[in-house]
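Before anything else, here's the structure in question.
As written, the chain order gives the labels A, B, C and D, with residue 1 at the start of each chain.
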Amino acid sequence: MTTGFSWLTLVLLVPILGAVAILCTPRREAWLIKTFALIAALATGFLVLGLLLNYSQAAATGSPISFKYAENVQWLPQIGASYRLGLDGLSAWFLALNAVVFLLGVVVALVRGVDRPKLFFGLLILTEAATAGVILSTDLLLFYLFWEGMLLPLYFLLSSFGNEKRQRATVKFIGYTVAWYLLMLLAIIYLHTQAGGSFSYDAIAARQTTGQSIITVPGFGWKLLTPDQFAFLAFALAFAIKVPLVPFHTWLPDLYESLPASGLTFFAGIVSKLGIYGFIRYAMTLFPKEMHDFQGLLLALALLSILYGAFMALQEVDIKRIVAYSSISHLGFISLGVFALTVIGLHGAILQVINHGIIIAALFIIMELIEVRTGTRDRSLMSGLEKAMPWMYFLFMITALAALGMPGLNGFAGEFMIMLGAFEASWVLAVIAGIGVVLAGWYMLRLHQGLMHDPLHKGTKEGMTDLRLRERWVLIPLCAAMVALGLFPNIVGQLDQGSVQQYMAASHTQPASAITQPTPLTHEVHA
Amino acid sequence: MSQGFVTTVVLLVLGFPLIGSLINAAFGSAKRRGLVNIVGTVSIGAAFVVSAVALIVMLTAASSHRAVTVTLWNWYVVGGSLSVAFQATLDQLSIIMLLVVTGVGFLIHVYSVGYMEHDEGVARFFAYMNFFVFSMLFLVLAADLVFLIIGWALVAVSSYFLIGFWYERPSAVAAARKAFITQVIGDVALVIAAFLIVTNVMSPIGTHIYSLSMPTIFHNVASFQYGSSTVTWICLLLAIGAFAKSAQFPLHTWLPDAMEGPTPVSALIHAATMVTAGVYLIARFHPLFDRAPIIQGLVACVGIGTSFMAGIIALSQVDIKRVIAYSTMSQIGLMIYAVGMGAYAAGMYHLVTHAFFKALLFLGAGNVIHAMHDEQDIRVMGGLGKRLKITEKSFLIGSLALSGIPLFAGWFSKENLLGYGVLNGPGHVALLLYIIGVCINVLTGLYAFRLWAIVFKGEPQTARPAAAHEAPRIMLVPVVILAALSAIAGFFLWWPVAFGSVRVQDFTQFLSPVFTSITSGPLAHEPGVASGWIGMLVGTAMSLIGVGGALRLWLRREPDAETVASRIPRFITQLSMHKFYFDELYDAAIVRPLRAVAKWCRKLIEPEIMDGWVEGVGIGVDDLGNTLQPFQSGLIRDYIAYMVFFALLFVIIIVGVVVR
Amino acid sequence: MTFAHMLAATLPALQFPSGADVVHLLPELIVGGGFIVTMVLDTLIPPSRKSWLAAWSLLVLLASGAVTVIDWVTVGGQQISVYAESFSYDRFGLFINALILIAAIFVVALSPSYLERQKIHHGEFYSLILAASAGMMFLGSSESLMMVFLSIEVLSLALYLLSGFRRGNTKSQEAGFKYFLMGGFASAILLMGMALVYGETGHTQLPAIAQVVAADLQSVDPLLLTGIVLVFVGLGFKVSAAPFHMWTPDVYEGAPLAVTAFMSVATKVAAFAAILRIFSVALTPLYTHWEVAVSAISILSMLIGNLVALRQTNIKRMLAYSGIAQAGYMLIGVAVSGSAAIAGVLVYLAAYTLSTFGVLAGVMLVAKGDDDSSSYRSLRGLGHAHPYVAAMMALSLLSLAGFPPLLGFWGKFFVFTSAIQNGQIALAIWGVLTSAISIFYYIRVILILYSPQESEQGGTVSWLAPARVGAVVVGLGVAATVVLGVFVPVVYHLALSARDALLVRIAAP
Amino acid sequence: MSTGDFQFLLFLGTLLFMIGATGVLIRRNPLVIFMSIELMLNSVNLVLVAYGRALNSLAGQVFAFMVIVVAAAEVVVGLAMVTRVFRAEHTLDVDRLDEMKD
């Protein structure tokens, strides 16, 4: 039963109430809708801040991973499903990023203006509740409910706001992602039966997985995988699409190109990172042996994402697509940190998730501001904007440098940890990741210089104004955060100390205490 | 020196330039030029004063505890393992670098007040220059690998800003990007070296200490066996980082293009400070380098090779700044050769003297360009000596110091350096390197005085030089001071070994605790007085030959330069003209293939394969739907026929199974 | 043996239905009686005030609903057999009655405005709807083969007439006639199956058959198996399972929208009730034999339903194929023996009723023109003209697609869980893959609703303003999908108690 | 339980059933199809009565009576439908009724 005040349910309730309030206000009072949206986003933000501040004092419960502010209410006892929420070091930061990014989305929407405010803000705040649900739930069925339920408001949001290509992009995104999620649903049900009929995370983590017989194809006798490996693959692929890792990424560029900046801040900021969250929380701890068996494959995918994303970003002409592919490359980095299965790698991954959230949000806002001013998204039709907009130049420069991982800014802090973690797994990973960093330097500078430097392009419109005060004050806090996190990344480090150790112990890679020597990457499949 | 004092020194030295840069960036503008100039120069001046005070305090302190390491704040702490903190070290090596950077930097800032008089981007310029000095000091003071890497990258970024200062010129923009990407390659090499170090540092009792701070690493340097593969890899990666920063052989192509930036930038960055960071890095990591003999040999060879190549290229350049740029590359090559041999003090000594006379040459060139209204092609100039008297005299002193004419600063440091070359250096090839080193003296003399003669002497090729006027006083004062330094600096610091015991040696004595204390590897052994004399005479003779040849060819023009050039085999002149075709080589070998792969990805892989399987599944399912559709023919009798057929089928299956 | 002896010996004492029997079957009887009264009223009421008939039949249905609720509470967990064991009065029957009544109430509430606009003669419409509902409710509670056949015939005849209800429209006539012929043929097959089952087991009451079947398991004679298969074919036809689904698209497209809505929802509920009573309860001992056939049919329905639905351009035909696919999912529950599966099927039925009705009701509110504006082209841009109706349709479609917070997800979830728990993972995987395909054609409709309205075919297709009453009713239905989706334990508890009631007889014969 | 003559009756019933089914499949005139369906229903009656007699239980005959009643009802509805279709499309050929197809 719940002990003490159920804070986490409040974190879910506030956005839902906000959304309901917005949906009830008539369409005419646009200002009322906007204030409701702002209040909901701010309230959630402060609530999350409060939770983070006294996170260390809160009591922790739960076996492999200890959760704070835990809540547990019987919901469907017959099939062992219960309404369980919990917060650990990992999800605390994801929740923080979630609150920040949605607040940013609302602010950008207010600054840039949006045509159907009631529909937009209602759906935006509803999505916040759904993503918060995904982060907070510790019952696999509840997790799945929020995980796929998130697509509902997202679907209406993506298909009604954006440019002309949005319909096709949305169908592609929703269609293909949901197809894989259903396989994950099967895996969840399979785990549920294995764990003796309960969906709770602790019960499933404690299920005994020995004695798995390899499924062979009847008649042909081909040795396929053990059922647990199939379940792991279902989980891994569902998360890989969300991250996205390269072969499953084709929905991302089209979608990011069609979304407005206010949509992109929260979509690129948190929604696409829940894949990483899934890998750490569920794939790594519930399938420790399988994670090891497939570690080689997953690392290869991560590296492929880094390099492939970088190459595509080099060649793209549309500035939003460049940023989209750079986001794929960065997420490749983060997944490299996760799949290296080392303590430092995981620390780096969590840190980089927050950094990337800030950087990508800032980048997309800047891209939209440039698009509004120059009227086009084609890189070859724009250059020499620095003379007209010094403020834009300065803020875009800091964001670009942070994005390419320049030491001193937040991009580097995460990447350094990730590459060190990957180095411990095997030195080849760090070298290839290094190539990724060089390529990142190249395409990010090409983007920044392509737009800012060189003489003014004859095609660009006259009378381009610099950033207005409001727009400036959206980007300045982000750049300040980039510099601050670059110099003081330990803020993130302290909070998730305990949890990272627990995740490592749960995934049987390292005993929680010491770090083993960088053993060469062994591929022997455990019996 | 006490911890508190060092912390204040570090914070002040870093704080002044940073605050100066921020003030100029935020509030500076062309209108408030006066304020901008003052803030820009005063901040560097203050940093210089603080460094001087620190030097005095250090000199008074006992030589044993002059090196003090201070922790500023915790960067990242990982549970039971890695803990990274921002640490700064103030020891003899870093105080010298501090003085060079802030001293020469201050003079250059004063000079650029005059140089940037008509440029409306002056606020941005001073902001970037101050930021550069801040990042250089940040790098020099770093005592922690992460601190160092951050300083390393900040320097690269500020040089990117400054090279691309005139962002309206596409060539400047391309040069800036090229410089930055080469630096990123060096940076990544450094990061991977840091990983290798971190994962291999063992405490004497064999437990894993996950520390990134250099004092602890050097304290436990015993865990790296002499000549082991790990140490070799680490030093190779550090060397790559150094080569990228100091524009040495594999990664040198960015330096000539970096001349696109304003001249004070070239003076500060591409002469005095940034390019020397590579030498400083190897000097700082000398305990590791001493344990990797192969890499030391490699470094020495690369140093000499680059130096020789740069010398040849400098001979055929027509742009005044590029000639000096290649001369910088050549002199840095010598320093790398010295450091490669293990003669770290000699390398640092040449670094200091080189900072003076190279900055002088660049500022002189700046005066020339200023006078010729931004004209950099020396073929257009000639006979400027008559109109720019002071610049011509100080440029002469600079050239003399550069080519190593006795009693000038260059001679002291070069002879000292080559002196070590006689006995040290990599194995059997040591003597060969020494000989090339001495030949480089000839080349240096040749291109130094070729430049001087063409620009200042002889009759003007075109009408433009006639209109030239001497630079304003504010630009001349720094030039004169630097000329004085280039002339007399050698006397006070370190005399070549030939002068035996009576010679002045306080530069090496000052530096010796840094390079001897804990290293167990073989240090360069001191040359004897006799071999010192031979080395000095040979070196000086070569320099004189070079200078004489240059004067005959370009001053008195007996055998005209072009006829001499025609007699040299064509391929050498072509090589020299086209900078050994490295630009084209890299472009063909790296840039174009990478871009081709990227285009291939975009044109072929993305639409075909990546999108392919996604669309393919969709089309496949649609086709399946098509095949099933015609069964719906609308005729009742067909429907009933299917129904009967399937009913019978099921009956047969079910009953058949039971009967059998 | 004279006829009198035979009569006395074998048949339990023939007696007129006692008072208790009437009370236990009150909901069905009310609707049956209502049907007859409506027929009479129809002749008395002048044509102008035909809508009173709608009000009256609504009253009848509501009364029956009230009685059902009261019965639900009073009957508790017992299972009482009524009318000489031909009907069973238990919570399972009441659950099915409730679903059928909901569907009937929805149709009757929406049809007055719909019939007016389409200028279809009110007349016997309501009486036929009541007749069909009565037939279905009887089918829900019937426990003897005879009663199953009788109630199927009652509801089928009513539906044949309803499908052909639109005079002068050739499509409707053709639909009615096709349905009649196919229905007749299927009933004949069903009857032959029942005859063989009766012949081989000696009884027509399901509990008795269950005992006989459970008794001698070793030697299963082929005739009994043939009978069982034929019965399944007959019921499969009614539920429009795959190999016997051919009639569904044509009939749904031809019939008037109100009839399509009622038919697609209510028939499936009643037919599945019969399938559950016969197969999941009575014939479970022979499970191993008929399980293969049912799984094959289930997979076939899922595949054909989802694949061909991708190609459709008419919402009625699309929903026909969607119905076939959903029947496939429900058949997974039948193919998987075990009590959890039955509860899963019941929840699925509830979800299917509300969601499918939501979509068709939305079209009904704004239908115009003789094809009921059901082709995709005529639905384009509805979202901008009537955002409220379009939102209702979108939510129902998403519930059919199985998006979590809505009830549709829970139907699939419970069915898949029961499949995996019993080890039939293959069925679950087929179910998941095909429902992935289904997302595309459901979302395509939503896209069309919200896509910009091109007017290249001259003049935009305008829609009629939705009647106030109709809009409220549809709103209630869709709200139920969302609310029940979130508070799913409510529905699950009802389904569980219905299932327990069903299994009472077997547990203690 | 099934004696010799009972076997014969059962066989006759199934044979009639088969004939009815083929009648439905072959003929195109709706009335004839209608008649074949009635034939199938009667064949089932025969089987029911045969079983009733064999099992010595009256349920078969009661069932047969019900079938006859239902068949009658079906005739009423069926003929009404046929006339309506004839009046609408003036054809008596089932294959012409293919207005609705995918």
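Just so it is clear, a contact is a pair of C-beta atoms (placed from the backbone, for glycine too) under 8 Å apart; a residue touches a chain by one contact, two chains touch by 3 or more.
From a predicted model like this one, the values you see are computed outputs, not experimental measurements.
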A correct list of chains touching both chain A and chain D reads B, C
Pair of chains joined by more contacts [C-beta pairs], A-B or A-C: A-B
Compute per-chain Cα centres, compare each with the mean of all protein Cα atoms, and return the closest chain. A
Roughly how many whole angstrom separate the Cα centroids of chain A and chain C? 44
Can you compute the centre-to-centre distance for chain A and chain B, using the mean CA position of each chain? Integer Å is fine. 38
With chain centres taken as the means of their Cα atoms, state the distance from chain B to chain C in Å. 80
In angstrom, rounded to a whole number, how far apart do the mean CA points of chain C and chain D lie? 25
For chain A, residues that touch 2 or more chains besides their own: none
Identify all positions of chain C at which a residue touches two or more other chains, and write them in rising order. 178, 181, 185, 249-250, 308, 311, 440
Two or more other chains touching the same residue: where does that happen in chain D? 21, 24, 94, 97, 99-102
Go ahead and list every pair of chains that touch. A-B, A-C, B-C, B-D, C-D
List the residues on chain D that touch chain B in their complex, please. 21, 24-25, 28, 94-95, 97-102
Listed in rising order, chain B residues that touch chain C in their complex are 618, 621-622, 624-626, 628-629, 631-632, 634, 636, 638-640, 642-643, 646-647, 650-651, 653-655, 657-659
Chain C to chain B touching residues, read off their complex: 178, 181-182, 185-186, 189, 220, 222, 225-226, 228-230, 232-233, 237, 243-244, 246-247, 249-250, 289-290, 292-293, 296, 304, 307-311, 437, 440
Under the definition above, what is the set of chain B residues touching chain A in their complex? 25, 73-82, 146, 149-150, 152-154, 157, 164, 167-168, 170, 173, 176-177, 180-181, 184-185, 187-189, 191-192, 195-196, 198-199, 208, 210, 594-595, 597-599, 601-602, 605-606, 610-611, 613-614
Mind pulling up the chain B residues that touch chain D in the complex? 629-630, 632-637, 640-641, 644
